[in-house]
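One structure, as structure tokens, below. Some questions next.
For reference, chains read A, B, C and D in written order, and residue numbers begin at 1 within each chain.
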Amino acid sequence: MSGNSFGLLFRLTTFGESHGKAIGVIVEGTPAKVPLQEKDIQEQLDKRKPGQSNISTPRKETDIVHILSGVFEGYTTGTPIMMILHNHDADPQAYHAIKNKFRPGHADYTYLKKYGIRDWRGSGRASGRETAARVAAGAIARKLLAYRGVSVLAYSKEIAGITCQTFDKNAIERNLLRAPDMQAAQKMQQAIEALKEEQNSAGGIIECTIKGVPVGLGEPVFDKIEALLGHAMLSIGAVKAIEFGSGFAASRMTAKEQNDQMSPQGFLSNNAGGMLGGISTGLDIIFRIAVKAPSSIGIKQKTITIDGKDTTIETKGRHDTCICPRIVPVTEAMTCIVLEDLYQRYEAYQFPQNPALRNSNKSQ
Amino acid sequence: MSGNSFGLLFRLTTFGESHGKAIGVIVEGTPAKVPLQEKDIQEQLDKRKPGQSNISTPRKETDIVHILSGVFEGYTTGTPIMMILHNHDADPQAYHAIKNKFRPGHADYTYLKKYGIRDWRGSGRASGRETAARVAAGAIARKLLAYRGVSVLAYSKEIAGITCQTFDKNAIERNLLRAPDMQAAQKMQQAIEALKEEQNSAGGIIECTIKGVPVGLGEPVFDKIEALLGHAMLSIGAVKAIEFGSGFAASRMTAKEQNDQMSPQGFLSNNAGGMLGGISTGLDIIFRIAVKAPSSIGIKQKTITIDGKDTTIETKGRHDTCICPRIVPVTEAMTCIVLEDLYQRYEAYQFPQNPALRNSNKSQ
Amino acid sequence: MSGNSFGLLFRLTTFGESHGKAIGVIVEGTPAKVPLQEKDIQEQLDKRKPGQSNISTPRKETDIVHILSGVFEGYTTGTPIMMILHNHDADPQAYHAIKNKFRPGHADYTYLKKYGIRDWRGSGRASGRETAARVAAGAIARKLLAYRGVSVLAYSKEIAGITCQTFDKNAIERNLLRAPDMQAAQKMQQAIEALKEEQNSAGGIIECTIKGVPVGLGEPVFDKIEALLGHAMLSIGAVKAIEFGSGFAASRMTAKEQNDQMSPQGFLSNNAGGMLGGISTGLDIIFRIAVKAPSSIGIKQKTITIDGKDTTIETKGRHDTCICPRIVPVTEAMTCIVLEDLYQRYEAYQFPQNPALRNSNKSQ
Amino acid sequence: MSGNSFGLLFRLTTFGESHGKAIGVIVEGTPAKVPLQEKDIQEQLDKRKPGQSNISTPRKETDIVHILSGVFEGYTTGTPIMMILHNHDADPQAYHAIKNKFRPGHADYTYLKKYGIRDWRGSGRASGRETAARVAAGAIARKLLAYRGVSVLAYSKEIAGITCQTFDKNAIERNLLRAPDMQAAQKMQQAIEALKEEQNSAGGIIECTIKGVPVGLGEPVFDKIEALLGHAMLSIGAVKAIEFGSGFAASRMTAKEQNDQMSPQGFLSNNAGGMLGGISTGLDIIFRIAVKAPSSIGIKQKTITIDGKDTTIETKGRHDTCICPRIVPVTEAMTCIVLEDLYQRYEAYQFPQNPALRNSNKSQ
């Protein structure tokens, strides 16, 4: 298996299965002398943690992060930072009943066919638990971006078909769905509880806004900002789509409607979503991702056994009714990782020894 | 600038500006002894070529490909294949008038701010012309995939808000829009001609279907099929969004609706779009991308000069009214490149010396 | 810091400092369904372990390896294998006295100047302890190569200027220096004890022989076998030189002397050391590396403090008098990693769907 | 075939066979706004050009470089720079006689076995001609390093067993062997002419000295300076060995002899050759490589046909008697490429937004 690393300069490599001994990540590319503590990481991990409400799985993932390298006396040393989360609450018993069946919507079938072997305790490497390692790495990137003046904010824009009508940043952490509209959040909550009642589940749309990126980040051609963010987001298990700026709506707009005109004071609109030619414009970068409903439901579904026999399955156990509020911190984490990597690439191509060249090259 | 390469094993590295001397590509990872001629490449390039109708730019890009290495006496040798297209029709004169203005919707502003210098003849490296190099590389991947039994087909699903209602594969190359519905194509054509009349332009949605991929392709976690395809598609200049299977609609479906149940005869639906956990299921892989309207229009728009002064711009010259039919071959090319790369990664992790292990690992 | 990963397909990423909490490695690219247990790894690690004799540091590195992911019920699953070694015996007290001095021959000065911060407990990331992670990863590669019929054997060819005159494979593990000549080993031992007495230390030359590689491994141009092995070996802390086949002596040979002529029975000599044009010839691959004497010695040496003041240093504590026998397993490990990676690249470029092409491509 | 690229940030990708249509290179990672002309490149290529004397092949490689992208009005634009050299003098006729025989010391046998097909006109991709592309790329790196105050100088230290006894920088370009000792050069020349007479050939040792690198370049663990330089040098066709600082001699020195002690004025010696722990110390970086004698000789040698039959071969035609003077510019080129790449990595990990952090991190 390749595909466990992401990033060129700010780079993470993850490991671990949902019911193995631990999951974790090695982060390369953190500059030296940055103050860093486990609580910086834990704070972000806690946002992803399940068991916060009746819409999330009651599994008590302790999710306590330990930094095992790369930090000395409270400061980064420039060496790789290894972070680990031990799997204390792993209860494979719950999976014995479905050990020999393929759960619809899960990767059980594809993993077994690809590898000829499958860790049937939970979803193994394909589990959403893998994203905790991403959130840990993202917490470091977030800290570095704060020095650069960049902030990243994601939230549930729509859940179970209910769309936010207003935007109140302070509302986001005041409701269990991380919606920026308290009224919408209430309706979402009701919709989810109804689905939970019938042992079904719901999807939604997460929006992410990045503020403070100067003009000039992003590498043309294959590593455009949207290409790297798209790669990052579509590598999250439940994400089925992504759009930037006006997105799918852009396909129905004429150029006259879509083009962002300019004045000496700046752009007159931001339909592009903050990038042109794959490079940041200096405006907010905005994208939205579609999150599918969690596949594990109690409703009886048709499936087959690993021997190809007809059977049915009702997935009992501890499962989320809507994963959106937990995907929010993962979205932010992966976004921070992409941006920090692009910042470091940007820095690489400057000439420190030649201030004349350097200054004229600098953005704004 | 990094970001000129794509792929891990089947890998392309491109170069060239729209009005420079040439554009081209080095393709690594083609197995030896594969029959290959320039006409295999030219055939695909001709699909991308402008000047085929009154909806495309009349610029006569000759786009004649030359293979300069990696092929000997009609067969690949296993060494890198370099392909070049000289820019014969490059007419920078047309750009003198707008040399000191930022064209709305283009990368003029971001490139100048990022690099401090800009090749103002056309869009330079940010030009759509860069995609010809991708199509050339994709033509090789397409040929390799044919040996593997895989076929890739893209087409215009919707243009200027007009959606295809039927699907006739044979229709695609029988209308200028590459739509699989002749009636819709006719309406699209009318809509585009009206927009052309008012010097405006149109966007659309391209759908791509991949047939013949066995279960098991794709690398979990960061290199899921959808992550790599997303990266590939969102690196195409005019693409603003991508969705797989039920896509954005999935965000409004419950798990009961979205999950693809199974029977001994196979999956009962394909809402997932052909992948689970980032690995192919053996069903068709299906995705759609949103293409924005070409930014260069004759309508007067507000913009600024490179000195930040207020001005307006009316982009005359040779420009496409709708780029969708020309993005179709680029979509196919990048899809072929992603798939061939994943096939090669799959092969890498098998044991040829141990047939017992190998056979049990193989996908069906 | 970049540079913590090695390999394209069979790839390791390491972390950890000598006196931090742990060191370890994530290994990507192990095929699924390979039997693997911690004792397979421990066996190789035990060869690298110090405290085996009076020539090695008495520090009791417990070096107990734990596999935390990628193995399920005794078999690999195809997912990344994480292995960790906790640092139980880390005694930073020993380093307090020299905390503010640069030890000659060590990386203290360069790390502090590069990063502006230094973990002064031991050598931090620059410690030889880092190589334990490589040995753990190499143990997996070694196992895979055994399936392929490849074996790798390294040994001390020369120590403290005393060169082996005979080669007895069985002698290697029967003397503390891992020399294939028992008589030479005895003299080496005496030389080392004399140096230990005067608190000095010794270097040597390690030779490595690879058997069983078929013709055809290695990637031309930048990833020739010798380029990758050179990269691997010169990344080991104490290694100052490497030569292949006739090596430096080749610079004094004429082509008539150096060229390996051929007969229908095969090559008539192996001055090339097993590769031509960077690709294996099918003969044994042979190389030698120069290992410098361990830098930490009790003899008084001139140095400076971190403030640039004149001082002297006598490095007390637990240090190896000759590191060669402990570099032997590291040499084997890195060699196995390079070969397994090249095997996987070789496999990637074959056509399984086209047996005709495949067979004619296959190496003998 | 993978392995056609080198470098992480300053990165080259090469293509081309000796008797194909062209060879060339795409260089990524050149900052924008650097003045660059074809003559900057040609100057370095001319040093590698054959036909300069009676020790080199009389083949008139015109080796005229053309820059096809990445430069606009005399300045780099930040986009990839493509450079091409057309093969005008390719005369495959000369190779017809040996088309079906494996030339001893060449890669004919290994390429045919690996790929099942071989471009028999010259050495194809394995030809020394491939290094012209490296020299072209290196010329750009050399120019960037000049801005940084770094200079790289290689020369023939020993040829045909004759070693330089003195060092006169000005002598290097005043004799055909690029030796820094005119008296030794004269003897070398005589030795080579004698070998040429008997249709044999000679090897030698090239030394390279890098001046002006500050303390702090190099990435620990796998990407140490010596690991990357070793990779680079051992990827050059005729190079069989490399050593840094005291090199192989270090294996016979005690730590007391080898360690470079320090005073407030700096290091008291430079046995390490300019690096500790893989990071530059600020002293000169020094290494030596062993170059084997060119394999193509007129003396009759035993070999086999491609069908495995006994035969002999006498390689007529245009061949170098000693390749060292032509390897000198290749050595310098690859060294420049490694250093520029490491400089860019160094820059990437600084914080421009936080001058306090940045300054304290900076090397002297």
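Just so we're on the same page, contacts are C-beta pairs under 8 Å (C-beta built on N, C-alpha and C of every residue); 3 or more make two chains touch, one makes a residue touch a chain.
Here the structure is a predicted model, which means the values were calculated and not measured.
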item: If a chain touches subunit A and subunit D alike, it appears here; value: B, C
item: Selected interface, B-C versus A-C, where C-beta contact pairs are more numerous; value: A-C
item: Centroid distance [mean C-alpha coordinates] between subunit B and subunit A, Å; value: 26
item: Where subunit A and subunit C are represented by their mean Cα positions, the distance between them in whole Å; value: 38
item: Chain centre separation in whole Å, for subunit C relative to subunit B (CA means); value: 44
item: Junction residues of subunit C - those touching two or more other chains; value: 1-2, 4-5, 8-9, 14, 29, 32-33, 78-79, 114-116, 125, 220, 345, 349, 360-361
item: Subunit B residues touching subunit C - in the complex, by the definition given at the top; value: 8-9, 29, 31-34, 78-79, 144, 147-149, 220, 344-345, 347-354, 357, 360-361
item: Complex contact set, residues of subunit D against subunit C; value: 1-6, 8, 14, 102, 104-107, 109-111, 113-116, 123, 125-126, 130, 158, 160-161, 195, 200-205, 215-216, 218-224, 226-235, 237, 239-256, 258-264, 268, 272-273, 275-282, 290-297, 299, 301-304, 308-310, 345, 349, 360-361, 363-364
item: Interfacial residue positions of subunit B with respect to subunit D in the complex; value: 1-2, 4-5, 9, 11, 13-17, 20-24, 26, 28-29, 32-33, 66, 68-70, 72, 75-82, 84, 114-119, 124-125
